[in-house]
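Listed next: structures, encoded as structure tokens.
What follows is a pair of complexes built around subunit A, which joins subunit B in one and subunit C in the other.
After this line comes the complex of A and B, so read on.
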């Protein structure tokens, strides 16, 4: 386990050294702060639109950071040939794959912590409400989503070229978040020929939209029932474990 | 010599092109150049989307297709105290089966149960002043993005005046809408409605403008001329409402004979004549005789 964490630590340091997160935060602040200052018709009191825009940016940037960070973990090592000394060390290939995945997950969680910190300050200053239980649930499920997205992308990086992997993962994740709710409806309405592949997608792809509690946070709804919340957490953990296992298996077969 | 002709032609083309761009921009934008540059013609679609967003906010984040309480409210709140007619949308909305937004989520049982638990549910309406303020940014965005979004001005002004208690801001919004859409009779009608309680004379003037615009629109409509898609069709029900509101203004100004004349005009286009006939009879019994219609038509 210590070896896995040592590899993970390197990945985390790399993300913060490259300053991608800081750029994302500055961009988000540039978009949100002017919106937070302006009052429609000069009437104060509206906060939900700020929450909506801010959470949209938090989700958008977190998806980009998760995918781009994870997608370059192993390919970068391969490209720089630093993978060879790493493989020569007394660590198994599975440990390297797991360490790289864990590193990208922790780095994404660090970025998420910064994003949500900014969100809580801006929304809190505007509304006077700081942390609601549903927001806590939302942050935890978002972290679970980040773990799943990172695992999937690291797994993809061992099977596809970096650019193809990034494109495919962004499409799958964005498609899931935007249209996942409508997939069952799409299957019901699809002509016979298109139904089997769509049903296949429904069962094979992780349902990213389940982790998205933005609408409940924006409109201050009650927290999700504990059973449902735990089930989604387990669902995310199980899918992440499957992708990590697949990544370890693929990395073992990789020839250098 | 040929070189100079080419240079002149080039300069002429450049100037002509710039002129065309300017004219086109004036025709389509009506303000907000930066917005047009960013969004182009798609801004009308995005603007309509903003109104959907306001509707979703009004329902506490739930997507509902069968409740048009938010948009239907403008022009439909009753003035039965003096007008003798009116539709109370509150009752209509409540009479419908209570939708909860569950219909939007299909799929296997486990998935449906999970997704329904992670999304807002239930049929609620924002009601307090603080809550209704949440809608305002979407009305502002909708009208900024597309100054021809007449419904955005109309509905936004209604909620500003009736629910946020900011009639001056509502009037300013309607005036902005009228500037961008001078032919929109429904905006003039809303202006008249907004002024009815405080300034019946100004309200009557706005309603007279609404009537003129309605007549012009009706003429275009009947002659089969191209009718702007962002305007409501000139239905007789709206003309009836204009006449009834003008009658109410006349009553407030103490001009009972003119009020009767407006009620008679409303009667001519009304589907529901009984209440109006009753009102005319009641007013006629209080006057000493028939009065000619007002001279401004």
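After this line comes the complex of A and C, so read on.
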């Protein structure tokens, strides 16, 4: 585990020293912070409005950070040829792939912590309620989503070019978040010929929308039942493990 | 004397069909400095990548220090200095060695001790907190040597180690390699600089178009002095073609 953590630490250090993550964080904060002073139309629904916009920004920027940081982890090593001395050390390729994935997950969690910290302060100032149980669930599931998105993107980076991987991952994640709920309806309404590929998509691609509890947070609904919450966490962990395993397998086959 | 590297009929063909290495049979004794010579594109780096397990041979057998190079435990006894000195430019040399030391499974204390020792050996002791992006090419090459020697490997694989070094640094590098040989280390040295090979190597192998054209003691290649190493080298290469 020490070797995996050393590689993860290097990835996190690189992201923060090269200041890539800061750009997205500053952009998100610039967009979220002004919401604290907004008193939308002086009506009671202002808090909901602020929550909705702030959470949309948090999710949007977190997807961008997860995908862009993970997509460059291994290709950057190859491009600048640091991969050669790295692979020459007594470390397996699976450990490198896991370390790189873990590094991008930790960096994404760091960014999420900053986003949600800011959100909690803004929403708390407006509503007087700081951390509701449903918000806590939402943050945990968002962190699980980030781990899944990072694992999928690192895996994709070993099969596709960086730009193709970023495009594909952003499309899959955004598509899942926006239209994942409607997929079963779409399958039911689709003509016979289109049904099998849609069913295939439903079963193969991770259901990202399961991790999105924004609507519950915005409308102050009750938390998700504990069993369902745990199942979604396990679902995310299982998918992440599958992507990490695939990444290790793909990396092992690469010749440098 | 036991053998550090043994390869039998080793071949490697790239996915595009180009044969990078053809039927290489070679053994390197422990404790010797072996010079691997050849023009650009001869297959030297391909051979090194096979020795490090970065690529799998398409045919033949290869044993490095009695094990398969694809196994991490085999690589634990190998130090590698790449031809192009590219390291993480956002790290200092101290941080770089800490990272590589952790990958080698070394303790914190051992890493610190070796870092000081190697920094003094390579003249980088005053630069331990300087980011690598501020290093010159020669300093990066010395940093590369530090990372290759960090875990005290039994076999050193050096790909064009004199690249970017000024005459003083070259002389220091020669001294370091001489001392390593005295300590019983095996050194596999790839170069196209014949003068370096002539000074340092016990034996040399000449590679051309992916095939080994000649190998033997350096003094045999230099002959009785009637022709210099460069002429002999050119003769071997032209005969090979």
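In this section, the second predicted complex is superposed on the first by the 245 of 256 C-alpha atoms of A that agree within 3 Å, B and C clash if a C-alpha of one lies under 4 Å from a C-alpha of the other, contacts with A are read in each partner's own complex, and residues count from 1 in each chain.
Here is the rule we go by: a contact is a pair of C-beta atoms (placed from the backbone, for glycine too) under 8 Å apart; a residue touches a chain by one contact, two chains touch by 3 or more.
What you are looking at is a predicted structure, and each value in this text was computed from that prediction instead of being measured.
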Subunit B and subunit C placed together on subunit A: clash or fit? fit
Would you check which partner chain A:127 touches, where first means subunit B only, second means subunit C only, and both and neither mean what they say? neither
* Which partner does A:210 reach: the first (subunit B), the second (subunit C), both, or neither? -> first
Counting residues of subunit A touched by each of subunit B and subunit C, the higher count belongs to B
After superposition on A, vertex subunit A (C-alpha centre) with arms to subunit B and subunit C, in degrees to the nearest 10, comes to 150
(request) May I ask you to decide whether A:82 touches subunit B, subunit C, both, or neither, giving the answer as first, second, both or neither? (result) second
Q) Regarding the shared-chain residue A:167, is it in contact with subunit B (first), subunit C (second), both, or neither? A) neither
Does subunit B (first) or subunit C (second) touch A:90, or do both, or does neither? second
Given the touch rule stated above, what does A:224 touch, subunit B (first), subunit C (second), both, or neither?
-> first
After superposing the two complexes, the shortest C-alpha distance between subunit B and subunit C, in Å, is 40
Both subunit B and subunit C touch subunit A at residues none
Counting only contacts in the complex, subunit A reaches subunit C at residues 2-3, 6-7, 9-10, 13-14, 17-18, 80-82, 84-92, 255-256
So, in the complex, the side of subunit A touching subunit B is made of residues 40-49, 181, 183-185, 188, 202, 207, 209-210, 212-213, 215-216, 218-219, 221, 224-225, 228, 231-232
Subunit C contacts subunit A in the complex at 15, 49, 52-56, 72-73, 75-76, 78, 80, 82, 84, 86-88, 90-91, 99-100, 102-105, 144, 147-148, 157
Subunit B contacts subunit A in the complex at 57, 60-61, 104-108, 111-115, 117-120, 130, 133-141, 160, 164, 166, 169, 173
